[in-house]
Amino acid sequence: MKKLINEPSAVVDEMLDGMVSAHPDELRRLADTNVLVRNDAPVSDKVAVVSGGGSGHEPTHAGYLGPGMLDGAAAGEVFTSPTADEISEMIQACDSGKGVLNVVKNYEGDVMNFETAGELAEMESDVEVAEVVVNDDVAVEDSLYTSGRRGVCGTILVHKVAGAMADRGEELDEVKRVAEKVIDNVATMGTALTSCVTPEKGEPTFDLAEDEIELGIGIHGEPGVERVEMMSADEITERLTEKVFDDLSPSSGAEVLTIVNGMGGTPLSELYVVNRKLQSMMEERDFMTWDAWVGDYMTSLDMQGCSVTVLVLDDELKELLAHPAATPALTVQ
Amino acid sequence: MGTTEQEAVRAAVERVADRMADEKEYLTDLDSAIGDADHGANMNRGFRAVHEKVSEMDDAPPDELVKTVGITLVSEVGGAAGPLYGGSFMTASAELGDGITAESSVAFAEVFLEKVKDRGDAPVGAKTMVDAITPAVHTYKKSIEEDDLKPVEALTKAVDACERGVNFTTPIRATKGRASYLGWRSVGHQDPGATSTLFIVKSIRETAVE
Amino acid sequence: MKKLINEPSAVVDEMLDGMVSAHPDELRRLADTNVLVRNDAPVSDKVAVVSGGGSGHEPTHAGYLGPGMLDGAAAGEVFTSPTADEISEMIQACDSGKGVLNVVKNYEGDVMNFETAGELAEMESDVEVAEVVVNDDVAVEDSLYTSGRRGVCGTILVHKVAGAMADRGEELDEVKRVAEKVIDNVATMGTALTSCVTPEKGEPTFDLAEDEIELGIGIHGEPGVERVEMMSADEITERLTEKVFDDLSPSSGAEVLTIVNGMGGTPLSELYVVNRKLQSMMEERDFMTWDAWVGDYMTSLDMQGCSVTVLVLDDELKELLAHPAATPALTVQ
Amino acid sequence: MGTTEQEAVRAAVERVADRMADEKEYLTDLDSAIGDADHGANMNRGFRAVHEKVSEMDDAPPDELVKTVGITLVSEVGGAAGPLYGGSFMTASAELGDGITAESSVAFAEVFLEKVKDRGDAPVGAKTMVDAITPAVHTYKKSIEEDDLKPVEALTKAVDACERGVNFTTPIRATKGRASYLGWRSVGHQDPGATSTLFIVKSIRETAVE
């Protein structure tokens, strides 16, 4: 394993410092924590929208800090959720008195730590905390026999929409309502061509032969739900998108936002090849692409692969998606 | 330097910390197969911090020490294991307020198990640490209360029980934790969290034997 | 090799289609060419700034099409410069009558094809064509015995500055003047931790052992100027940045813009680790970072590694860098 | 279907195209070592297109055919090789206006060489195709003009000369083209462009022999 790092155990710390030094006017780090917040937090008279989770998904989470999106982002170790005490500090640092919405990706570690953090924060101050749990990954069956669907790339859209609603000055329950609307209407499915290599382990998390890929992966280097033979980009796109459509079953003529998300190690050129097929599938089925995002939004370190996300829109969501945002990783004008 | 009980807690902590350092890669390998390859790093980071904290607490009573173990794990481990182990040590420590006796250790064990199940909402058979903690706690309780064994003997039985719990996780399908995402592909792999539980129980027994 | 592609020979074509379908309102493709232009090209009463080169450097070049940056981008095959006839079509499609500035990266293939194209264009219409050649790569000695320094990541800054000047309505010679000012004040040095894999070859272009890296690479998967033992991120950053400073020798107190550019396969987290060290070097030497960019701007497919770029600023350059730009890959508000 | 001269040009083109297809990987491997691993793909793409274009041109005189070879290479190959080979075929084709004779072929060869040197600004010894073209052209000219050899014999000598030029590129340092970026590390590697020149000259000779 070769990585542009110093000590593996220092990666998160040094990355956060490097991020702040790239955006000194926009971001700051809470002392002695792995929490970054908007420099102007708490923003007065505004509901705060915060998130967090393991590191290794950059630009998620701190890349989405800024006007129109997140107020705070708590970073855990690589692929490990942040600890409850730091999440609690973040909540308190971002609260302007109007309450805080935690955007949590469904996975037990994050959920448990955010819950504990909410309790801590409410004990220590009188902040009002609400929470939404994103579970857009359609690879995993949502049944009694699993811990539910994972939260993956669709989370970015929750940040965007909830952040816009908060930016408009709306109340906590309204911000939560639109976040849940996104959660109800978004679905994602991903594939890995290669495993990622974590700094600590220094080796691939799983082995994939030259002619194999994993379908239905999460974002933590876990293997997916199925190992299949390597296919063409068009075939892969079909497999991913069909599953997403099955879940959402948008009606003909529906307006949607699509994301082709890179897992970190895949060149942008390949993501555009996938987008080409995705958009031709949209046309065939008579869905209207209102906006198409292509890039690295929610990654797994250096993994090669991608995910396809579809969000079914209504007028309110379109308005909120078009609301200005100015963050290191996403700008909407 | 402190009572035998304080010493015992500190010795156990040191033993666990050493064990986690030794088994870091093994735990991470287990987590690679059905998780995200960090359980070894998580546990090692957590108990290294616990060891440091506890070494500095010269005069604290055992329940304070154990509570500190819990608080430190919560704020150092993260992930699923952090709140599960940490929260349970924190809560269960209250049972040791009057010292470590046969009875109080049983109470501790029971509350610990309860708290893990509460937080994680995992039943037995979900392929998690619950599968290792449950037999260990049940056997310990029964050995003390029904069989009138001494704590050291009961711990030896508990280690054996815990080991069976760990082995039991291998052939079953995960329905909780990251491994559940794998569905049937999780069958055939040993659960990392159950395995770290075994290392903890073993370390406690070894300390008690001395 | 596993890639999200269909036929290797179709990658460029399909990528361009996928790009247009992601930005249908902003970009269009000139029929039967690999040229993308701003949808509203030719923009009346404005000097056009165009560029191009081999593919495989995404988001370069077409990612920088839009108000405030490029009017046209000609894509060649992977790592192969575009052909003269297509460049010539681009020039003619973008000219509003105010002339066209070709921004060429120094490398003989590009230079020869752009020269031929300029001649063709001037033969076929009365477009006025000017050209600047970017050569920011300080790895290669500029001497009688080489074909000169390569044009690499600094090219983005030429696009930005020349594009802003054109957007202001200035004349061709003024647009060219500021482009040359950037060229005179920018330097870059890069490193590869791994080779890239081209779709056609399907294997790494060069072999690197687990404990070796290449210093002084270009952006075409060529080996660098030196193979050295793997080092820490801090050491690598020092090696790259020292060389850049040596070349520019900015005076103490100088204001600069820095770029930590990813080569395509390196996670953003690692680039931030590099930026941390870079910014602490800037402080030590008493240079003022006016802006710090971190991300994938000029890539080599899936190569792991990065480059460090420094541009020494004056008031005019700062103004032009701050001028609004709205392109798929870079937004300045 | 056309004159012998037209046939000869078409046959040569087909032979070159076949050769480039066969040697695509070899050329790309050479370019991997000191360039960017695309020379095989470039030449193959270019001559496949040339072959198609030329096959469709039923009645064109030889100079038109050769000009088309050049135009097609310019618009299909890109990179350094595109304008160098393409531009030179285009310009030199004018020399064949009165048909392909011993004299006109010498003139063609001379203009071809001149044009490559002009465009690329590379002297002999810069480790480029110039090192292969120069000996081939010099030897061809001398064989015809001084030694009164027949074109086929002169071509055989030219192939031999060209081969020496190719071999000469290996032990020298590149000062032009991508390989120059490698500095001394380019020593010991054969130049891909010189090698593709040899394939072209060989194919022309083989066509002439038939």
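Worth a mention:
For reference, chains read A, B, C and D in written order, and residue numbers begin at 1 within each chain.
Rule of thumb we're sticking to: a residue touches a chain if its C-beta (ideal position, glycine included) is under 8 Å from a C-beta of that chain, and two chains touch if they have at least 3 such contacts.
Per UniProt, the chains are A, C = Dihydroxyacetone kinase subunit DhaK.
What you are looking at is a predicted structure, and each value in this text was computed from that prediction instead of being measured.
Common neighbours of subunit A and subunit C: there are none.
Hopping across touching chains, the smallest step count from subunit B to subunit D is 3.
Subunit C and subunit D, compared by their mean Cα positions, are separated by 32 Å.
Distance between chain centres (mean CA atoms), subunit B to subunit C: 54 Å.
In subunit D, no residue touches at least two other chains.
Those chain pairs judged to touch are A-B, A-C, C-D. Of all residues in subunit C, only 9, 54, 76-86, 107-109, 112-113, 116, 139-141, 144-147, 150, 198, 200-201, 205-206, 218, 220-223, 225 touch subunit D in the complex they form. Contacts from subunit A toward subunit C in the complex involve residues 1-6, 11-12, 14-19, 21-23, 55-56, 58-59, 63, 193-194, 210-211, 213, 230, 232-234, 236, 264-277, 279-280, 289, 292-294, 296, 299, 301-302, 304-306, 326, 331, 333. Here subunit D touches subunit C in the complex through residues 28, 32-38, 41-42, 45, 74-84, 87, 119-120, 173, 175-178, 180-183, 185, going by the rule given at the top.
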